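Chain lettering (A, B and C) follows the sequence in which the chains are written, and residue indices restart at 1 in each chain.
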């Protein structure tokens, strides 16, 4: 018991007597920065190095010894060397037995090795208590207390006492330790700093494709066409008019694509008559990045709003209005007020505003701190009920907007319909299918399936379930 | 000591050797999903069932035994059965002694039973260490790592070691355990997933009433009246004009209602001469949902802004402006520029913008993650100082807006004043009272009272304080 | 072992048997409120007082004894007295040995004493386990569960077991304990509640100066000048026109000032040929409040957007447009459509919108909860890549906006150029220098320096590194 109790106490005790010694293997930049920070927090540091003589640049107050000597000085050893060089540790097996070995290594690319560096280390030295930590923050971040992004230190390890001590060290350095459980989490922790918005890739490419396609589509209809017949130069439309056609279309389509996979999944479940069968990977991935899809859509909607609100400030618009007024004034013709137009115009604007408002609400509730405050029932209510309401409002907005255009002769150009007509296809189909799915008869079956009932019950294998995440999302949203 | 030390270690240790056995009582959907997830995380699962033969649909790799046999296999037993069936556990009292019993049950409605299921279970089996967990996440959520909303698992229990082990399990499943303290918290935890925005009900109903009332009020003034005298069809106003009267009124009134309870409470305290007397419940509840009131008000303000900014795009507005111009051009009359009008118009717009800006600031600081970053002093500064400034600006905005209308003859219709006049009543009275309250003489007494001084000091009973929360809020905001 | 095991268990156990006794020294308002809250949570409370007879106003159920007697009753003593009166504790050294002493004291101003109250207490009573807690929440907040701002209780102490017990108490009171590590953190924790937006001071003063300067500058150009020649009264411009000149200028300048220090730091590093030399303090401080600078800039940008969007609603604008139309209609002159103007006008609007959009994105990612979700690589990408793109877009926006004005004769008034010309100086210079810095040749050297290479390597002293935080920020953003 003596051993473990010391395992529990001294760490914190000494840290007050400002004398706990920590040993760092490796004198690279990160090792140095870490040592520096710890010295500032009143730890005493011993570097372990292959050739202690040659090491330069080390912060004052830090001793440099051979690996063996350094390891003996402390029972926390921080390993600031690359996985490739772990082998030298084998010789130290004896002295490292029962000590805390902190693996801070990162790899160059995701899933570079079959097992995580920390687990590899644990196999190498079964006697030592391996703890994964510090790999998520940069050498610089160590010294900075100002940025939120880098105060979190993910910690995982199999020996809870060892983990606790490392977390105490992290806290003393002014950082925030997050216990991620056992070493099983090490792989995820090591991949984390290498990711660059993984869930955003699909939404990004999707929206890129949408934008490019509709850009050329609009260029043809709104610039080439008028130039071809009438030789009018409308290139200036590239700045605002055309983006303001593309953005709403992208927003509406992406929003519909947020709800499409849920609908598809429901159909699949109905067809298979069970929830215990995994979905195709594409559907899974699609489902997992619906939140990001929605946020990108919100971005486009936001741009659409801004582009629309500046309309009356534009020189082009003012010029047009002025000239129309003047010509009419000179012609002394009268232009009676049409209540229908007023109705159409006002209501499509109102629908758009309400849709955007709900859309913003959805966006706010998807903020991590907000969604952590709501329970599952509330989250479902917001994301599915309000979500569909938003989709309905935005679709209606587009339709009523169209409502007016249909009448105008200019709707067809070179047999191409206006862009918004194409934009309506996906949302409408999603809404129609959803409407069918919530018909009592169908809904009942679906609910039973999702409560575990199976049309043909058979024992289900583990593998089949690994990707069930999709179903669960689907059943909620 | 042996016992507790094993209590501390094996959980995590084994989870690395991937062999810890967990026993699950009950083979319902949630039990199965949980088992599935745990199998994926390398736990080995034993189901306890009344008739092990008849249980089907269980994930591969999970054994099914009688309750007794299953319980013997592991020292963590997860109870996936309804509270109604807890009785069968009595027969297992012996085997469950000293084991960790995880209560994951939920009820059908809030406060369904006098005591929480977990506490009931603890009374049933005094020998077992009961821990409440997993009830806040859905069967689906268990498999999903994608949604923030459902990664949090509230854990509470009286035996800290048992609680730690369950939290380790939670972490290994990739979820985030939140220690909620002793079993006393179980009741709250069990009610949590049943709530649907409890604090939002009052604000919601209040705003609903406001909207309905002012809707009809505006319909009478702006649609029926013109129709009655002049037979003008202004129904199209229903889409934008009328909402854009209702929303600002609702926003201003709700914002005033955020600060009214604080003022009332202050008066009550002055009258009673003590802070150690509880307030009437309605006042308490009102105070506790002020944040939500404010956010709803912000929503209306946001809508008001959008509805206002689209004005120049509206067909109706453009048509009016055009016709006015034409008629004037034909009449060759001159319309001199009035600096006063420009002043009034510009300043009421400016006031509105600034008010809205501060309002948005208030909204942002009420985001959980932001308000966690600010200390009490900063929070008070923002919420009370900036809050009142916002109220002042918005009230002034409405007044100056009125400033112009007062002159116009159309202000009274069927003896009904414009809606905004009515909207001004509450905000103005709040501001006036507040102004009186911060007069030095009165403020001094109030401060002393809030520092604990009593005009007639008497020992205060516990019961009286149970609802003091109100006072504290009041004294801050 | 007996001692520590009791140290580990009873706290939580008893809290279920609702009998744990806590002792509170001091019968002030905070002590009373705390006692009240604990009584509600089924603790039994013993007050320690100099003269137990005279103490009044205490909540029912709380006993009042002499310090000595009270201390004997419990092994958790909460110290609700001011640091000045700590001396009386010396007499209690014996009875307090091995007990948990909770220091909840606050000071009147930041860094009032050389060492924190908690550390001072620890020196006074080496035998007791001192834990710092509860000082960050107000007496009122203790009773309120409604506000997020005050549920966090920072806890620090050298004895981990003692800390754990206090954190259990905190949880039982329904508050959220945050372990801040050893007593070293006490100083920071005691300063925390006294701060009032420390990092916001510099940005605030900077923007105040900017606004005042440009206010007078614009008043001279836009109000005094037209009044001097032509005797035109344009005072009404004070409400909207002039603020809408000041805000964009402030926004652009502040945004540029966010990136200026990084550029300066890079130059310094190149000049010194090492990263291991600390920066002057002003540069350090500047770097640490860049986030706040950026957010203030965003605020101004937001106001600028609103002020711009209301333009077409303004009486002044409508009147001008109308008159221009009328005069033209009467004069029957024609005003041909200029594609160039349309291009310029549309593109500067579009640039502004896109810049604002990115700016909002930056603001959202700087929300604590969001920036906690992104890893270091993503954070760098957003803050530096997107950040500079925003700066470029906004600068271009201003230039193109100028593009039109340059042509107009009114650009120079009393030899004063338009304000936006001055506003362009800083952003342009930042962009130019940055462009030079990312030239391959220079960038290579810089990168090497930041990876630890030194032109002239010498052992570096600890002191020099204490402020390295600046470099790290710089190297990232």
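What we mean here is this: a contact is a pair of C-beta atoms (placed from the backbone, for glycine too) under 8 Å apart; a residue touches a chain by one contact, two chains touch by 3 or more.
Which protein is which chain? UniProt says A, B, C = Metalloreductase STEAP4.
Bear in mind the structure is a predicted one, so any value in this text is a computation, not a measurement.
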Copies subunit C (Metalloreductase STEAP4) and subunit A (Metalloreductase STEAP4) - interface residue numbers shared by over half, same or different: different
Between subunit A (Metalloreductase STEAP4) and its twin subunit B (Metalloreductase STEAP4), rotation from the CA superposition, multiple of 5 degrees: 120
Computed distance of Cα centres, subunit C (Metalloreductase STEAP4) from subunit A (Metalloreductase STEAP4), in Å: 25
Numbers and ranges of subunit C (Metalloreductase STEAP4) residues touching at least 2 other chains: 1, 309, 312, 325, 329, 367-370, 372
Residues of subunit C (Metalloreductase STEAP4) touching subunit A (Metalloreductase STEAP4) in the complex: 1, 4, 122, 157-161, 163, 179-185, 199, 276, 287-288, 291, 305, 308-309, 311-312, 321, 324-325, 328-329, 332, 335, 337, 339, 341-343, 345-347, 349-350, 353-354, 356-357, 360-361, 366-379, 381, 451-452, 454, 457, 459-462, 465-466, 468-469, 471-473, 475-476
Contact set on subunit B (Metalloreductase STEAP4) toward subunit A (Metalloreductase STEAP4) in their complex: 1, 5, 8-9, 11-13, 15-16, 28-29, 32, 36, 39-42, 56-61, 136-150, 152, 164, 168, 171-172, 174, 192-197, 233, 235-236, 239-241, 243, 299, 302-303, 306-307, 309-310, 312-316, 318-319, 322-323, 325-326, 329-330, 367-370, 372
